[in-house]
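Residue numbering begins at 1 within each chain, and the chains themselves are lettered A, B, C, D, E and F in the order written.
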């Protein structure tokens, strides 16, 4: 992930955050297990099949879902198709550049996609129009509007919200429109390691101070559905166990608060 | 302009398909400072259009060979979100976006006091989140506000507005069906105070008289749109003043 | 548009042109409403369905038309297809570079295309082979060979000439070859503003001195079919009215002289 | 993870479809110095995987703006040959390759003493000649050996290994069918001595208990794999010593 | 070479399908100074081929890392217009064009006194407006004239010419049908005075004896083609002299 | 072709090689007509339809063949399709860069392809599944692993070996698997000119010292099937005749030694 405008956090800011952490506190006063404020605006783009704008602290993303008919993959003729794309819009950060997806946007898209896909959130079996020939393709496009850390979770929340209210345009294929069939709600929780601390939902400054990142996606049953370690630092196995626990707890809270 | 159609777009009383009179604008709402990271930002809802604009700069132009030793270069980038239109649009610029980015850059170049920032560039990112006819002029209208909100000195605000011909009549601010099935489309960008034309494109079929009628209608609307722009910026400065007052 | 080799016109040249303009004259002695000499060589490339080389002063372009069968656009199943492409060949100017179309060549192609398309010059309704399935696709490709200003008008003239003599290879689809059905003749006139003067058909030096450019395309009936303002200067509404009048007058002259 | 299937992947005796026990690795063979031109190289056969790795560097990072004034930047490039998979793969990076290149670069960054080479880059080219499940961890395992063979100072060798869930059971080192029809996949990269985790991805369905079982299995295998790595490097140094002895 | 066919390309009297004898060239016409902007230019009609060539340079090689401190670099770009061939060709270089650009660049590099212009590049743009078999050698022939017309010092003019095998016979300067249905194609680029070979490609089926026959035919034609080149350049200098005389 | 790391061969090395050549010897002791040691490992990648790793001195390449069904070219509806691609992997040389094929890899691929194609080595007539609709497509992909000169011949050898053992997966199209039908064995021999000497199978240092390159491909009957002159130097017609003779002789030896 890009550093800030100057490429480095100021010494003073760095020291302040690290000193606070010694006391078990974060720069903005949060607990290590605490998310920033989340706000979700569903159906922001009525023209899309489903959509949502999510603010996670000062990070802001929009997800839009389009559902169109098309050919299934040859090796899964009886399943609908899900594709996920993330655009790091140059609008969102001074050093983001327009252009094809880079390794950062591809990683985010793939981690978000994995959480959705592996949880079997979308009932792809019920998105077949004509077996082997025609299925519904669910295009999920996520645009980053404002970047202040933890894009993976912001994107996951936006996708969940967009998919939950998405409508399949069945009438275009001689049937009826119907709600996109949803089974599970995978919530991702991303944490970073700063010193020996594991902090969830890092903001940009914390991302810059951290040595490594880990994302854990869980479903209602508490099962792990996807994980991703990022950045060039390391985790111990104890760190990972702690992260799994944190994700499971926070995932439950988020699911209850925002998706009931 | 679009395909011929049997749809009647204006009824015998001169009422348009969405209930507007011939010279009526769709509802317009502008907000500033909607983004944290950008140097300036604005959001516009114009009819069903939803467009976000961010401004970065002035900053050193890069790559170096794009620098102008006399003035700042304006690099506007008009972009449509994949989900903004009826059929999913593949991400990335198409030929239409490239052209629109060019004419918007040129329009802003004329409004900004670019001479104050030699060798600099000012980036204006226009993201169409939902498209509903007239995105380029709505985007330009918002871009102008976002530049002002970034504190970049301007000669004048640019107001974007469209007129067109529908069912043989000149109308203001084409809606989606009017855009698809109308007979002419005339998007313009006008400096609010001086009335100078900084963007103009046209396609379809207009006589010189119809052109005059259409531009008169646009100039008339310019004042109304500019009021909304200035109100949005005033809101920003009122808010700033209150913050200061509170100190 | 690119500046000249040095990137700037010499002071002397600039002063000379500006002084002349004060007397209402142009650098090369033309009237403000006067085009440079036009020469048209039709059917330059017999292998194409239609073609023409146009010289407009020292500007030289070639247009070639290919007509092949293919699928219609989904939203216009009963219309043939027109596509227009412009290549700013590196041959034409020291700073033109090989590569995919840039914003300049895209703008030219789109303005030329708009004039042709909006005038309904080509009778696309009569280019359907099998409704909804197979139509004639008219590929218009324009290559810039030598650049000395006013590419839009040079390209439009070349396209008009190439289309007027183009033959649809109907015999390849079981019918007969036939002339491409042409209805109108849209002529574009491009003007620039230097000081308060509006000059038509600018050469490269005039383009470099000008603050803004405007193109107006009209048909035989004097109606406006396409317009485009370019460059970072401005026009007043009076300027535009003057430009419309000039385009209408010059368009008529060009149509009479070259397309009767 | 893959599609559901009726194929039985583990029999009642706990024997897997390719004859292995639950915690058994596929055969692994590593060679160093398989290429002439590279600064270091290694070749690994792991089950049916055949992967070649070349290392170039440390050399000045290029383009300049990618330089880090404090340390070397590791640029790993994971690439599959067109003929390495069942259906011909079009040459060039796809999204999957880009992600794998990123996580492998990050894993190596942690193992190499990058602080010794400010402004430098170390290129690690991983070419999959034949793919047979687990290419990323096999590639990482070989890459670590190739870096060492290039004489680049490392904190520790990185060992790659996968565990997963198949027919409801946790198993080590998924084979091709297990990868296609299993229920979970957990590739990891571990520093051999310290046990630190430098690469971890997971997809499928695991409980926290199953995760513990899987990681225990992986840690256990790490030692065995690291022995093979060290043996390959020892072979190299024995060979070098013999050469010197012969002088 | 092309597909087998039943078409008889040479009749019993040794007359070819377009009426030529075995060692007869198609009509060739060369003009110089056909473009205003370029530093040198030439136009060639060779049979149905119509090709325009522009030369720019010597100018500073860009980007800098392409500079050669000892000599100028020749960058020829062979390009076919979309409408130049039977089926519309998508604009931009395909693999065939890239290869032809390379061999033409190399051929010209040998003919131009590149040592006089260290760090420079000379761009040679070859645009095929209509293609009719033998575009590369016609392009090379014209390129050589355009370089000379630009006043760039040359060791020698390069002459391009093709021979081939058709209906079992060696013939000069393949026409379109001969190219499509013949058995061998041998395009060559030859320095006019010294006879040195600077371009040669071949495909099809030739014995060593047939190769000798073909090259003899080409060398013979070289003189005739070179006369046309020199006549075109002489025309230019005559014209220049007349201009001067008129002063 | 790229120069060595420093971009230039050391003076000393250069003088050494040139002096040796005066005595008719090469830097590594070979005759001018002698190839470096060739080793061929066939079926290196069992997952491919055919494959081979070839070492030619220190140059190392791998060729893999995939055979899949697909559409024929419109102008050859009754022929299978052959496509050849070469990747100059960054692994192989310090200055090779990842990315789309450049002029060097395209030239190598096209010269190798031409030798195979023009010799009619593969019996494309017997690769038709359904005339005009479905044929076998033979994808030949060659990756350069280690570069020490003469890639064209190394690649040709690898392709020959890979094709000779390739199996067409006929069972996927309702028939039986069968050996790819092979008729001829075109062997390419590449030579360079250093001073007045023509040396075959140049290593990297010889390539760097040479002024021009020539490749001649011949079949069993001694006929020429493909030739390519490369680099910015020249050959005399006598040089070329000598090269043809050398190719014919060496081609025969290679064919006998490695492909009987």
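Here is the rule we go by: contacts are C-beta pairs under 8 Å (C-beta built on N, C-alpha and C of every residue); 3 or more make two chains touch, one makes a residue touch a chain.
As the structure is a computational prediction, the values presented were derived from the model and not from experiment.
With steps allowed only between chains in touch, the distance from chain A over to chain F comes to 2.
Identification of common neighbours of chain B and chain D yields A.
With respect to chain F, maximal separation of chain centres occurs for B (centres as means of Cα atoms). Of all chains, the one whose CA centroid is most distant from that of chain D is C. Mean C-alpha positions place chain B and chain E at a centre distance of 52 Å.
One inter-chain figure worth recording: chain E and chain F are separated by 27 Å, centre to centre, where each centre is the mean of the chain's CA atoms.
Inter-chain spacing, taken between the CA centroids of chain A and chain C, is 49 Å.
Across the assembly, chain B contributes no residue that touches 2 or more other chains. Taken as a contact graph, with one node per protein chain and an edge wherever two chains touch, the assembly forms a single closed ring in which every chain touches exactly two others. Following neighbour contacts from chain E out to chain F and onward until the ring closes gives E, F, D, A, B, C.
Listed in rising order, the residues of chain D touching chain A in the complex are 1, 3, 74, 95-96, 98-99, 101-103, 105-106, 109-110, 186, 191, 195-208, 211-212, 215, 219.
Those residues of chain F whose C-beta lies close enough to touch chain D in the complex are 44-48, 51, 58, 60, 62, 64-66, 68, 85, 87, 89-94, 98, 100, 139, 141, 143, 145-148. Across the interface of their complex, chain E is touched by residues 75-76, 79, 101, 103, 106-107, 109-110, 114, 117-118, 214, 222-237, 239-241, 244-245, 248 of chain F.
By the touch rule above, chain E contacts chain C in their complex via residues 35-38, 48, 50, 52, 54, 56, 59, 77, 79, 81-88, 91-93, 123, 125, 127, 129-132.
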